[in-house]
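Please find one structure pasted underneath; my questions will follow.
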């Protein structure tokens, strides 16, 4: 099991290194195969580990393996260790499974790009980093994986190196995540100071001895900061829509299925820590709820197909945060998994559309694609329905149980429950707005002109079968768990994270009915406006403007952080570095030179002056001697 | 025969010393500067001889004699220099000997 | 044999320098000989590493020979665990620098390579001297070749740069000399091993002055931008990578080790200066208009961070600082050499005229990207490990220091990414000719080992942190 | 009575040497200055006599006022007396400073004399007849200060060599470097 | 009437040099013009060698100090060691002089005067009474006046000679008057006796003694070219023939400082409080003035002159320390300083002969690459002046600082440190000119390098060897200096 876990972890790294070092000796397509194969190996290894884990008794399903001491200082030690337990195995499966499909899809999607090797090396590296994140047995290793996925995200968003927008988006993503990394690091410092260790076992067993609510809240807040940044929750969410500059499979893998959900994973993984700081947990849930609402609203006005999906990702992760914050861990993880399926599906489907329209992403230039790309339409439809939570698709099961748990969690939970329900309405609305605009109606002139139908070529097949697989998963993926009746997943995770809320059957039922109803309402309105075109799109100037400016977050950060930062930097250059640092030495030398000139002016060349100096020197010396002594 | 005591002599020598110094510091003709230096050395001699008498110690007088010889040597060298300067048609003005400066 | 190892480490490059200077070698021969000597030095260091007993405390391979006994000064050299690591970093970077110069070609090769080798010897001497006066001798002996290396082989503004550099450094180190005199005479010996703890804050400040200039710490970094910009890339690499570490070493081995009480009393001052320098350097690096400027100011920030670690005065901090010194040495070396590579191709380091160099130059892109992201301490890298320990140590002394460090981490990401993008990405710069080639084998052979060392350390930073004792 | 005579001689000689000294530095013609210096040296000789330094007096008159000054006069005649006046350009800062400095030296020494411990300068040692005579001076010169005597001769020799070199013929035209 | 016993052995170094003088003078008259230069140079060199050897013997044969020749001189190791330094400086000066284009008819006299000056210095460091002090001072001074002016065709040489003569005589007069006052107060000329009288008669606050001490200090300060008595130095150093300057910078300074230390500690130990501070202040002023003024010099000789003022300051710090460590520091300092000084002027002389004009920072541009030996040597000398390691100059400064701190004067250490920092600017400017600037035009005469001056290069090489060697061989040198200072009554 340990071996399998290590193989799972290291296989993509090996592929990444091999592709990097191989350089041109590997053909482009070979690079793709190598990456895909390595992720497949990971998936198989994860499966092996999963089954081996099942052999253990539930309470013994936790194994730590340390390769070597990674870092040490005095008493403090960090082992390069992995932890194999239900939660990590579950995440390994999701990451390597979905990862495998998306990487495989990339073989088709990226075909013809002249830097495929770089792409696949990055992708493999990303899978490794993500696995490191989920498998780590120590907070420092977790943070390392955390940082490395951020790095890969940066590299892949900026994959189109020549596009300034891509590079800017990449930098933005990295820096906002670096901020999250920093707050996490601070939390870790508190832990080191209080507990002297960062190994999960050690931390969890001593967490109640941290001492002081203040310290505990600080720890939890710091960690939450990392999670919020990574999962693009308000207020650190602005990087995610921009990140859509990356190739579509990247958006699917990193910015939908895996990396952005790492925050949820962490909330669950570190639940013993967060439970010591209930206020912070509530904050997490609240942030999740806010995000799901705000993102849903913004998604209503987006015109870029990928950005619509990106905002829906934010919104869905908001659900997960809501769940994890309310201690409904099993449901959170469940939604994480189903979301990985259907969101990957949506992205990949969108990828086919974009591919077919030669990189066009504006939905208003699309239209009528349903007839031209029927299979893609079907797949997208499955994804959209799953996203909107329509039974019996995956989203229905996970989202509803999650909301039901909220209803159980006291007044605060009920408030969030209401928000979540509102979100389902929005979800239906914006998702089907997109679907109807893109696929419905007659083909637009643009489409007619630019569409190039993917033939039955090798690349197209790679894209097709992976999307198909995901479509299937989006349908059946939710069936492994159904409300209170059937919950093997929650049970499996139970040894790691005991859910704090168990909704009753009634609550489940009420929630389901309302959620599905609201979802359908949303879809209906969307149909009414965008497909049947019975009503014009309602216009509220102010709201429109606010939404199109994404609630002015970018402008706010620009005004609060970036501009003052640049100003400070300019000021430092202009007022400190120039006059003070360089100027002081210049002033000093010039001053000395001036004195020197004066001194040498006294050297008149006249011997009378010299004798005078001698004479007065002697006179003064004598005078002083006499004065001192007598 | 009791004349003025040694402090008178030394005071006088101090005056002479100051006069000599003034000469060196004021005059621009190197010849007069040399003459002033002679005055300074002689003032020291006066002090030495005065102290020799005061102490009843011949050493002071001997010192004075040696100083005379030294003064003569300096004069020789100084006059030699002045002659050399004159030969090079350099004005005998110490204030114009200022090519070396700064 | 063992007791000679340290001396051999010092004298081998100096002897080689003399041979290069005195015999009439051809340009090729001088370069190869120097490279050979530099590599032999690395070999001897590895040999030393294998013989070093990390479990034993104190100084090893030490050798003592009276120099003048009336004041108790002796030639006393030996290795502590951290000096061993710093020497390792130094000889590797020096070898890379020599190799780079050999590959690039330098005028007056005999003088040049001789000076580089001499510098190597002096640096090793600094890291191994166990007598204060001897330490000072080596400390200053570093300056002599550097002065010429910058002044003769540097860029257009080299003369001003050297003057600033030398005057600044000497002003600091002369205060140290005064401090050494006071310490030595009041202790009756100049030996670092025998000398007792002192509680004289002025003497402590004398040492601090020298190291604060050398590191440099804010606001004593006036020499830094010019010196780093005007020297040839490999000399800049050595300057920021190796020579600045003499300051860190000095803080650790002298200022902190021998002045316990003053160090504690003045800890806020040092931490404060370092914190200001950290943020200030990062901010200015973010606005610097050229490649070298960014690296230079990031060097200021990094040395400040290392100082924070050292003056956390605890195990976490000092371990992290030593690790980070090694990291930064390799990083700075690699970055400056890459800067040199870029400047060779584009004839400029200004961002405004660079860009788009990644396309078609995968080796350059990969190496710059790798080094850059390690330099910004992406979690999982060895630089992260170092910074993490440093800030964890600083946190113990007050949470504020660590918060400043956290801010600096974000800033570091900003300026490094700016550097990477400005060189590699976006539109092809006006100064970047299409025919500019990717890295040549020679350049690869120089830079790859440095980057490989960094990656190896990232896999196992405990190689250093586990083998340290203070 | 003897005291008065001695005092009178002293005062005359003192004023003579001071006055001639001032004359030396005041004459604008070096020729007159040199002549004034002879007067100065002569007055000093008188004072030396009062101080029982017969041999020194003789040397002063013969060697100094005689030989040395003659040499001076020869040189002045040779180079031609260039006329300059001490204050011809009005009081410059140099002149003022010179007066101040010289005055300060004078004041210093006068103060110093005033500060001598316990009026010791008043009691004069008793001296016997040979004091200051050639025999006594010669004895001391050849015993206690033998080396001084030898060195004096060396100094004179060196000066002679210098005179030869500096006074020698010019070989080529002088040029400024 | 007792005749004094003459300790010929103690006088041997001076006599050896006087022998050299006589030989050279004879050569000036008897040897044909072609061989005169060689002959005279060898005579002077032999004189210096013999003096050095005798001084060495004197050192080893003088286990304890004694007064000789009617107490006129001291026979001790302190003096003997200083004699060795002076003899060495003289020998090197002969080496630098050899290639100098002196007028043929005076070359014999030139070397004779050099040896005679050396003899005076060698004698002076043994002086033990005020009379020998004054006479010895005049002995070598008059020789140097003539040597400075020996290029009687050059205005600058004559100007230098006259300035040196007038200001020097003025200084001598001050010294003499001071001596007279001290003599008058104590009734003694001999140093030890003066100290005894001061003690026994309670004259420590006597006005005459104080004024006399001040004037003697001023006179000695003049010879050591300490500020504010230094103003003749740059002009004379610049105007005098370079080999003479070289000799003066090394030897005169050595004599003046050694003598100052001897006079102050043997004759005025009771006034210690007074003169240590005075010397310390003079040292600081010298450091300040010398270093600051040197900053703006373009002419190399002039710059080195100012630098010698600042070095006088450093050595006066050692004197001001008034302890054995200070004595040791002074004696040690003289060795690398003298070597570097002679060597630096030697290099200047070489360049001067090559170009036929004054050497400035501008016309040495690129010289380091054209003339590797001279360039490297100059580099080393500058480092030694600046007190950087791998040259004895560093150890010298270190000792000086140690002595000052040992005497409880930490502020002198600080002053020295600041001065050193300033001095770097101009010392490094020389290296910068030699190596980092390229000449705009080819200054060196066409047709390749000038005739090799083996003697000069050998001399410079020797100076370099001493400068570097003294860094490594500190122990033996310090041992010697320690034994020498032990014989001074601290």
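Which chain is which? They are A, B, C, D and E, in the order written, and residues in each are numbered from 1.
The working rule: contacts are C-beta pairs under 8 Å (C-beta built on N, C-alpha and C of every residue); 3 or more make two chains touch, one makes a residue touch a chain.
Model, not experiment: these values are computed from the prediction.
A.B. asks: With a step meaning a move to a chain it touches, how many steps does the shortest path from chain B to chain E take?
C.D. replies: Step count on the best path from chain B to chain E: 1.
A.B. asks: What's the overlap between the neighbours of chain B and those of chain D?
C.D. replies: Intersection of chain B and chain D contact lists gives A, E.
A.B. asks: Counting only C-alpha atoms to place each centre, which chain is farthest from chain C?
C.D. replies: So the chain farthest away from chain C turns out to be D.
A.B. asks: Between A-C and A-B, which chain pair shares more contacting C-beta pairs?
C.D. replies: Between A-B and A-C, contacts are more numerous in A-C.
A.B. asks: Going by CA means, which chain is nearest the middle of everything shown?
C.D. replies: That would be chain C.
A.B. asks: Report back the single chain whose CA centre is most distant from the CA centre of chain B.
C.D. replies: Greatest centre separation from chain B goes to chain A.
A.B. asks: Could you tell me the distance, in whole angstrom, between the mean C-alpha positions of chain A and chain B?
C.D. replies: The mean C-alpha positions of chain A and chain B differ by 96 Å.
A.B. asks: Rounded to the nearest whole Å, what is the centre-to-centre distance of chain D and chain E, using the mean of the C-alpha atoms as each centre?
C.D. replies: Roughly 30 Å separates the two chain centres.
A.B. asks: With centres defined as the mean C-alpha position, give me the chain A-chain D separation in Å.
C.D. replies: Averaging C-alpha atoms per chain gives centres 101 Å apart.
A.B. asks: For chain A and chain E, what's the span in angstrom between their mean Cα positions?
C.D. replies: Taking the average C-alpha coordinate of chain A and of chain E, the gap between them is 77 Å.
A.B. asks: Mind pulling the chain C residues that touch 2 or more other chains?
C.D. replies: 167
A.B. asks: Give the residues of chain A that touch two or more other chains, as numbers and ranges in rising order.
C.D. replies: 589, 600, 603, 605-609, 611-612, 615-616, 618, 622, 626, 630, in rising order.
A.B. asks: Name the residues of chain B that each touch 2 or more other chains.
C.D. replies: Residues 6, 10, 17, 20-21, 24-26, 28, 34, 50, 54-55, 57, 59, 62-63, 66, 70, 73-74, 77, 80-82, 84, 87-88, 90, 94, 97, 99-102 of chain B touch two or more partner chains.
A.B. asks: For each chain, which other chains does it touch, given as pairs?
C.D. replies: Per the contact definition above, the touching pairs are A-B, A-C, A-D, A-E, B-D, B-E, C-E, D-E.
A.B. asks: Can you check the complex and tell me which residues of chain A touch chain E?
C.D. replies: The touching residues are 589, 592-593, 595-597, 599-600, 602-603, 605, 607, 609-611, 613-618, 621-622, 624-626, 628-630.
A.B. asks: Please output the residues of chain B touching chain A within their complex, sorted ascending.
C.D. replies: Residues 21, 24-26, 28, 94-95, 97-102 of chain B touch chain A in their complex.
A.B. asks: List the residues on chain C that touch chain E in their complex, please.
C.D. replies: Within the complex, chain C touches chain E at residues 66-71, 73, 108, 133, 136-138, 140-141, 143-144, 147-148, 151-152, 158-159, 162-163, 166-167, 170-171, 174-175, 177-178, 181-182, 184-185.
A.B. asks: Quick one: which bits of chain B touch chain E in the complex? Just the residue numbers, please.
C.D. replies: Per the stated touch rule, the residues are 6, 10, 13, 17, 20-21, 24, 30, 33-34, 37, 40-41, 43-44, 47-48, 50-51, 54-55, 57, 59-60, 62-63, 66-67, 70, 73-74, 77-78, 80-82, 84-85, 87-88, 90, 94, 97, 99-102.
A.B. asks: Touching chain B in the complex: which residues of chain E?
C.D. replies: Of all residues in chain E, those touching chain B are 130-131, 134-135, 138, 142, 145-146, 149, 152-153, 155-156, 158-163, 165-166, 169-170, 172-173, 176-177, 179-181, 183-184, 187, 189, 234-236, 238-239, 297, 302.
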